[in-house]
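Which chain is which? They are A, B, C and D, in the order written, and residues in each are numbered from 1.
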């Protein structure tokens, strides 16, 4: 593939759309019955940062992701990835969400050899092209790592 | 020159003789009218060591090297060099001795290009071959550096 | 025509094998990341290969022929480095693993018991435009010793804010450590003036010459002693030398008073289980087997630069920087961070492009073969000063051509269109 | 015929270009100084050259293609080193500049505020047969912290004197740091047994594997955790790798609790002027631009050793050592310092020759093309233990042939006649 084609695979329209119109951006207060946890993650190499809050509700064992609110600065990939995360995980049970998380991680760390499952990842499949750019994988994973960290904390 | 010839130039008979029968070895007490100073020098690379005492006598301005006594452990080159130093410097005025010191230093640091002056260096000319072995120059200079250091101290 | 370019630029480029490489899609390499690391001329690589294939041995300790050759090569490299910076004495040149180790060595030995030991009430002064390697060591050491860390701010134009100099450098100041040339803003700092002030209050002056050594002629011996740094560091890989080697130069007077940093190897005079004594400089600060082949490579590198001439290299850098500043000014929405006059700055130019994050700029540029750096360039506080997280940085060197600058500008315009910025 | 030699010895020798060199007078090189530094196979040199000529860039920080290639090469080297020592986790492998830096890193971070900080009343235990690099850092650090330095003695046969082990390793012991294989006596120490004792009292176990890594198979993950060191260091240039690089391996559990050592570069998480936070391992301990080409070369080196097989190399070393001990026993007036059973020792053999100083032995040997080391081998206390200032040391490696041992023995006999020892 040429460099230009690789570039287009990286910057899919879906990614650029999410970048321009991010879903769920902003930090929100959790509702009364929700538990929440905040984390702050940075990508030390480039300085991208995210403050991410997970809002969890429901009984232990069947908790749901009530919301994921966040403040972030960073490149198109890291911003779009946070937006897609919001879209994909909010409303799911934590077990389901962890499963999606696992798939996304596998896709990103697959160096371009993993075939993404659109059923599970929806818009997230647009990130398949990122996996070929090792330096950008960290950008795509910033919010996902933060989400996992926060969720573990929120669950207690 | 072949390696064997270089070796013979290094280990001149004179050097081996001084090594086997070192002059002036042993630490002696200075006489009543003498000033003295002790120094301890080591060659950090190989561990050779010398404790050297200079005995100085006479009026400031015309002091003489009354004796150089020393205790030393080390290789043939360092031992022979201390012996030659004793032979050359004892009895000289300090100025004369410093002059000999300078000549010996120049010979050793000349990388084999300096022609030694037998008038000044006497048996010391046997060390001309050492100058071609950079690793051994430090051996030959151990006692000479110690002597200078001690003399500066003894003079006060 | 641009004046000041190196006359034999095409010949010089031929010395650097990597410049003939092509990238994905067969694109030629446009390497504009030399402030990050410079490329290596063939002579440096060949010198290291010859050393490894024919003269490899440990140094100082070995009495055999290979050992004598390796020792000679290593110590000759020290002479060459001493000549490169005009060191008053060759034994004042200490080989470290990089510039960062040099700065840490200084900070740590100033924290250990000794004549200069930092303590509560003492102040260390740095600047807001330092590389992390000249910030973090001082943070760690002032925290451990109870000394206070202070710093010069930066003006909107990217210069050191010297307004408060008399308050900042005062009788409590024990160390002033600053960069000669900023790796982010490109600013050339007035180190002579600052050294003079610092020396007047008895402080030790440490200069980070990591970005200066590649592009400014340095002649320490020629500096008036009040204006001369007491300690100066730079790194091999930015002066067309190998990785794994850096240089700490220090005046004998100061180095002799500093306690050893790392222990072991040839830094000793004698060792007993109960205690040890230490060698004189430079060995005192070179614990363990030094980077031997790397020193030999660095010797070849500074000799190579010396043959071309640091004055000529500096003029070339200035010409390219001026040309680049002009070119960048034509790109809509592009803002340069740092001084805009090429005479006042080095060859690293950081900038923002409205509406596109630096990573995305760098990525699109890379797809056109143009290699720049995006991020905080290990200068987060300097970025914070300008209210940005990161920036894109182009940096030239003696092999950079005006055509490469044109390629950058063209690629930046392409980036704007790629991200549909009209 | 000697059994145990590497089957393809002549082919292996062809991998090492320097072995084809001749010395003054056209003599072939008989290199018996591998414990000092090993020679480099062509594949290591070529890998470094390829890196410098085609993939050179700074790592981690660079987002362009060259940067991605360099980062990949560097991190792959880490994987290779992790495999070489069977590290439980690849991120536990930290690149230093040499073994000495690794030991100093450990000693210093144990002296800084933190969970393991040494203080008065605490004890650090080393041994009398350590290399200076595992003595001096502990002297410096115990002096600064008020902790007490203690040590195992050495028996007449050159083994660790374990009689007092229960007294030496006690509830005050915070660190036990010792060499796996002595570089002077050749002794292989019972590190498993000592680690077990040390762990039982809660001490941290540091193993200097500088001489072990070249010749013993190491599989950390396979060791029972009570017997596994917490920290282990070795140096690149002794495992057919380049100078300028060493390795510190540490268990994540311990490394995570140690504060950073050097500051700057990629070891940070975030930096503000007021304070900084730090990255996780391995980056936390890799300040500044690391020895990139050197890591890549080291990766090729350990892969090369792995292809030949450490078991096979160990067997070869033992065979050569046995043959050498036999040969040396035929030289009148020669006394070996250290264990005489090749199964209990590594390939470094130090000896005395009655009536000839080690320098003079080495010099005459060198005139015959035989390269050995003479001096204290950075182990002055071990020499003092045997009442000598210095010794002559031969040390073999995977490229050493029995013929070379014959040449050594012949040259030793010549030395005796040269100095007229009948």
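Following the convention adopted for this analysis, a contact is a pair of C-beta atoms (placed from the backbone, for glycine too) under 8 Å apart; a residue touches a chain by one contact, two chains touch by 3 or more.
Keep in mind the model is a prediction, meaning the values are calculated, not measured.
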{"item": "Centroid-based (C-alpha) most distant chain relative to subunit C", "value": "B"}
{"item": "Repeat of the A-D interface, chosen from A-C, B-D or B-C (over half of contact pairs identical by residue number)", "value": "B-C"}
{"item": "Centre-to-centre distance between subunit B and subunit A (centres being mean Cα positions), rounded to whole Å", "value": "76"}
{"item": "Inter-centroid spacing, subunit D versus subunit B (mean Cα positions, whole Å)", "value": "38"}
{"item": "Where subunit C and subunit D are represented by their mean Cα positions, the distance between them in whole Å", "value": "31"}
{"item": "For subunit B, residues that touch 2 or more chains besides their own", "value": "45-47, 49, 133, 136"}
{"item": "Residues within subunit D bordering two or more other chains", "value": "23-24, 61-63, 67, 266, 268, 270, 359, 363, 366, 374-375, 380"}
{"item": "Contacting residues of subunit D [partner subunit C, same complex]", "value": "17-18, 21, 23-24, 29, 31, 33, 36-37, 39-40, 44-45, 48-49, 52-54, 56-58, 61-67, 97-101, 103-104, 107-108, 112-113, 128, 131-137, 139-140, 144, 149, 151, 235, 237, 242-246, 260-268, 270-273, 275-276, 287-294, 359, 362-363, 365-366, 370-375, 377-378, 380-381, 384"}
{"item": "Of all residues in subunit C, those that touch subunit B in their complex", "value": "60-63, 67-68, 71-72, 266, 268-270, 279, 283"}
{"item": "Contact set on subunit A toward subunit D in their complex", "value": "42, 44-46, 133-136"}
{"item": "In the complex, subunit B residues that touch subunit D", "value": "2-4, 6-7, 10-11, 16, 45-49, 73-77, 79, 133, 136, 139"}
{"item": "Complex contacts: residues of subunit D adjacent to subunit B", "value": "23-25, 27, 357-360, 363-364, 366-369, 374-376, 380, 383, 389-390, 418-419"}
